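In the two complexes that follow, chain A is the common piece, with chain B as its partner first and chain C second.
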Partner chain A sequence: MAARSRSLAPGPRATGAGVARFLIVALFIVFVLVPLYWVIITSIKPSSDYLTVPPVWFPAEPTIVHYTAALFSYRGLQGLINSVIIASAATVLSAVMGTMMAYSLARFNTGGQHLAFWVLSQRFLPPVAIVLPIFLLFRSWGLYDTHIGLILAYTFMTLPLSVWMMYAYFRQLPRSLEEAAWVDGLSRWQAFWMVAVPLAAPGVAAAAVFVFIAVWTEFFFALILTSRYAFTLPTIFRAFLGFQGAQYGEACALATTSLAPSIVLGILVQRHLVRGLTLGALRG
Partner chain B sequence: MVAPAALLILVLSIYPLLFSMWVNFVNYDFQIPGHDFVGLQNFAQVINDPLAWSSLIVTIFLSLTVVVVEFVLGLALALAMVKTFRGRGVVMSILIVPLFISPVIVGQSWALFLQRPFGPADYLLSQLLGYPIAISWVGETPWVYISIIVADVWQWTPFIFVILLAGLAAIPPHLYEAAELDGIRPLQTFIYVTLPQLAPIILLAITFRLLDAVKLFDIIFMLTGGGPGTATYTTSFYLYQLGFQQFHLSVATAGSWIFLLLLSVVIMVLVRRLLRAEAR
Partner chain C sequence: MANVKISTLHKSFGPVRAVRGVDLDIPDGEFTVLVGPSGCGKSTLLRTIAGLEDADSGDIEIGGELVNQMRPRDRDVAMVFQDYALYPHMTAYGNISLSLRARRMPKSEIDERVKRAAEMLGIVSLLERFPRQLSGGQRQRVAIGRAIVRNPRVFLFDEPLSNLDAQLRDEMRGEIKRLHQEIATTMIYVTHDQVEAMTLADRIVLLRDGMIEQQGAPLDLFEQPATQFVGGFLGSPRMNFLRGKLALGAEGAAVRLGEGGPNVPLPAGRARTAANGVDVVLGLRPEHVERAAAGPAPDGYARVEATIELVQPTGSRSYATFRLAGQPVMAELQAHDVSRAGEQIRVDLNLRRAALFDFASGKAL
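Then we have the complex of A and B:
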């Protein structure tokens, strides 16, 4: 009965449950892919294909004009560069600080349950409640609409994610190796950097990718804290609000440019997805 | 080792919170100069604003609806995906794609997909149902709510699905074997074995999703802009309009404190329970 690998498609001995399973998964895949396909295919459609009935699903003459327009007329290129800089810097800062804090929480129980609870509760604060004072603070400190400002804001925003993912990871690692390192005369710092961090490297990498994706896709902070200079890719979509002209292709080209990197990264770390989504509360 | 992270969190959360405590009780408005003490006037202004209440109700309605729909769909998907089959890896990769897309792009994509004359949604529905369909997806209630719910369900069903799938896979197989030996029917096995085993994971998934769902902003911003009129103003969108479009900063701050206090009750209860579950 228990063949190791079955086909999802109902075979000759299909049961009712088997058919239902197949239908649920197949319908949801269609639901996921159709709008996504529409956006990606529209990004390479010539404008003359926009409004035809029935809609064009395979453009006869694909074009890249919308990409050049999105990147150069809508400042997509600068947004892309800003997004890469800001997301990379925030990822490094968040991963380093988060790993240090997580190690301390996991090994020395720093601050006990209160510190842990405080960090975790940051994850659930509604951005709208904290962004207003941060906006005023940034204006008075000259951090408004700067890369540094947004990098700090995103490091802060993603710390609960990196701390909690690494906290769960360190608690799984046996502490005997570090204790052996202490016995050998290494300081706690040395034991951390030379023993614990290398052991936890896969966890750090996974946490870093999730932080990067979180920053890459974030909109609200960037909307409030930037304007003409340090704006990120997602904030450019404001330009398409209301749709006065036929900018469908540009909007789709920009969307495709932005979603491709994070989807590729996400699929690469999908083994760690459950841990990432639940801040390490649940192992995959 | 805690210091750098704790310092940053302190500067960017405690300081702003203290600062906004002060803003709560003064005039802080880009249209009215000066910071005079105004007592509870900021709070009164929010509480007396009918839009604050209607946006709160829209927030509660939308977040509860999407969480219920996403839970039902996510559970169905998880049950369908729990056994291995050929091509499961590829199917898995497709199902989780929406999680890695910016919510702003999700809102933008659904706006493009649904809206006439450009979007193919009406055409597809007409073909499917066999008669012409012309729906104003973002211009009319109740369709506008359905559009928001569809976009949110599209993006976040995989969230609940992935968590529940991990929970299902962790249920010890001997429980099912025992149920089979006892001749228990599948539906009863589901009710008496699967659900109780899955309960803590369900709590976890719903806690995370609900606390994110109440922040609903990006999809509203791109898909409906709060409209038609103010029908789809959520609390986040309302406070954004108040603070950053009308620049009534102190009133918006008071409003966000009320929102925070309402939420913190939920956060305290749910997050404490999660921590306790994890400590075990």
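Then we have the complex of A and C:
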């Protein structure tokens, strides 16, 4: 009995800390998961169950009408497709260009000390400061409400993020591997693609995930730079809050739908996010 | 296959002058070892030859061709790095074959050349493994395989054995020497380990503070060090240095050791050019201090009394430390010549093999 109680709570002194830790973790999980649960459950509730007291924790008659409405009546499917196209393209562009820029900054000290910081400083700009000029430029260039326009905007918006993540990554990669490749007869370009990039793959994956999530959830630029054609998923949500009331079910159905890619992405890249690929390259 | 010629090479990193006017002419096929204490510029010199550092001034020629402006890939040299620098995302085969693949060589020829290199190094069974699945010695073999598969004009080794344990180091040292005998390509090898330098080199280039202190065949440097630094650097245990004053008399030169210490006569013909009374350092290797036999000291030897302070037996030999004119001297004696500290013995100093340096300049007299 004594042994058993010890295995549950490690001694009287540790108990206080253990309980506190449990409470903090529990609070955090509740804070994260309850809203998520509420969104998912609301998306399948009949509209009569939305605001009942006491709340309905699980609907007696789950329904998918909100999904069909959100995806088809509110053009959610089109928004989803647009979001996938725009976010994927911007992610690939940002990650590829960011990796190349970061390599140049890290290995060849391009632009001295200032260029790297200048790249980062683009993030200091409040988006509202540049969205109007971009809107006007896009109008005159024919990029307004196009996929390409939004892809370009997002690529340049997220470039500082991917550059800085990769910059940090390349700086901690041992230089001797690329030197070995140069002496081995590889050009700098070959050494970059055949040695540096494969070694930096976990960093590229991490940067790509951050960029994708940033673009996937972006609302403000999409709202200003698109209207009927290239609109993205987040911009649809404003349609659910109208004069006649709020379409909670549809909003929650679309929110649940927009969660899916993030979850899939998380599962896919999880393995690459773990570092340790450089183990064995060098001693120890 | 090529010779390497270096003329008045300079290289600085900010205020640090790593290489200061090095002239070096390495004939085709020679095994040259650049040796010296850390920070002497030997690695910088090697990296400059490889093209990984740009020289501030001076010329580097490989096979008669000026390579100063050439990128590493065009110099046709191969380099083995201290940390192996194996590509962790490629198998041993991938590592060894990368340079050939980069040159778009036909697959069959790549296979053939990798196989030949792997056979030479005894790593055929390891080709499908990744670096993390290999031991230190195996990694080093793969790194060497990566170098030899290309048939480069010059091999560069940057302290390739310093990360291996002692036993493996001895083994690999022998293999590198055997490799040089087999392929007879010019090799330039950097180490701080004087044993490696002595055992491997056709020629040792001893560097100090970015300049060449002395170069030549290993035994020439060992037996005729040009400076006190060279004498102290080569040989283990280290050469004993005894301070004294030069005394020139009618019967020849002698060194008066320490303050009022014994007079040690030098063999005829030594120190003819030095001035009487000049401060000198007598350099005497431990193996040239022997336990005295019965009868008088042989010609060219000086006999002294020694009170042993410390005995370090190694099995075959015993190192005994005593004081001579207040200065410590280590003697390498036969294992049973000495048994314990406190023992009083007579030792003979072999002055025919002693070196004599000017105290002020450190140069040999």
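Operating definition for what follows: the second predicted complex is superposed on the first by the 242 of 284 C-alpha atoms of A that agree within 3 Å, B and C clash if a C-alpha of one lies under 4 Å from a C-alpha of the other, contacts with A are read in each partner's own complex, and residues count from 1 in each chain.
Everything that follows uses one rule, which is that a contact is a pair of C-beta atoms (placed from the backbone, for glycine too) under 8 Å apart; a residue touches a chain by one contact, two chains touch by 3 or more.
Not measured: the values here are computed from a predicted model.
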According to the stated criteria, A:239 is in contact with first (chain B), second (chain C), both, or neither; which is it? neither
> Looking at the overlay, what does A:182 touch: chain B (first), chain C (second), both, or neither?
Replying inline: second
Tell me which partner A:266 touches in the superposition: chain B (first), chain C (second), both or neither.
first
Comparing chain B and chain C in the superposed model, the one touching more of chain A is B
- Does chain B (first) or chain C (second) touch A:190, or do both, or does neither? second
Exercise. Classify the contacts of A:69 with the two partner chains as first (chain B alone), second (chain C alone), both, or neither.
Key: neither
- Could you say whether A:174 touches chain B, chain C, both of them, or neither, answering first, second, both or neither? second
Chain B versus chain C as contact partner of A:103, first or second or both or neither: first
Overlap of chain B and chain C contacts on chain A, residues 277-278, 281-283
The chain A residues in contact with chain B across the complex are 4-8, 17, 20-22, 24-25, 28-29, 31-36, 38-39, 42, 50-51, 53-55, 97-98, 100-101, 103-105, 110-111, 113, 115-122, 124-130, 132-137, 152-153, 155-156, 159, 163, 192, 213, 216-220, 223-224, 233-234, 237, 240-242, 248, 251-252, 255, 258-259, 262-263, 265-267, 270, 273-274, 277-278, 281-284
Interface with chain A, chain C side, in the complex: residues 50-52, 71-73, 75, 77-79, 81, 83-89, 98-99, 102-103, 130-134, 136, 139, 146, 150, 156, 163
Per the touch rule above, chain B residues touching chain A in the complex are 1-2, 4-6, 8-9, 12-13, 15-17, 19-20, 23, 28, 73, 76-77, 79-81, 83-88, 91-105, 108-110, 112-113, 117-120, 123-124, 154, 157, 159, 162-163, 166-167, 186, 201, 204-205, 208, 211, 214-215, 217-218, 221-222, 225, 235-236, 239-240, 243-244, 249, 252-253, 256-257, 259-260, 263, 267, 271-272, 274-275, 278
Listed in rising order, chain A residues that touch chain C in their complex are 174, 176-177, 179-187, 190, 194-195, 198-199, 277-283
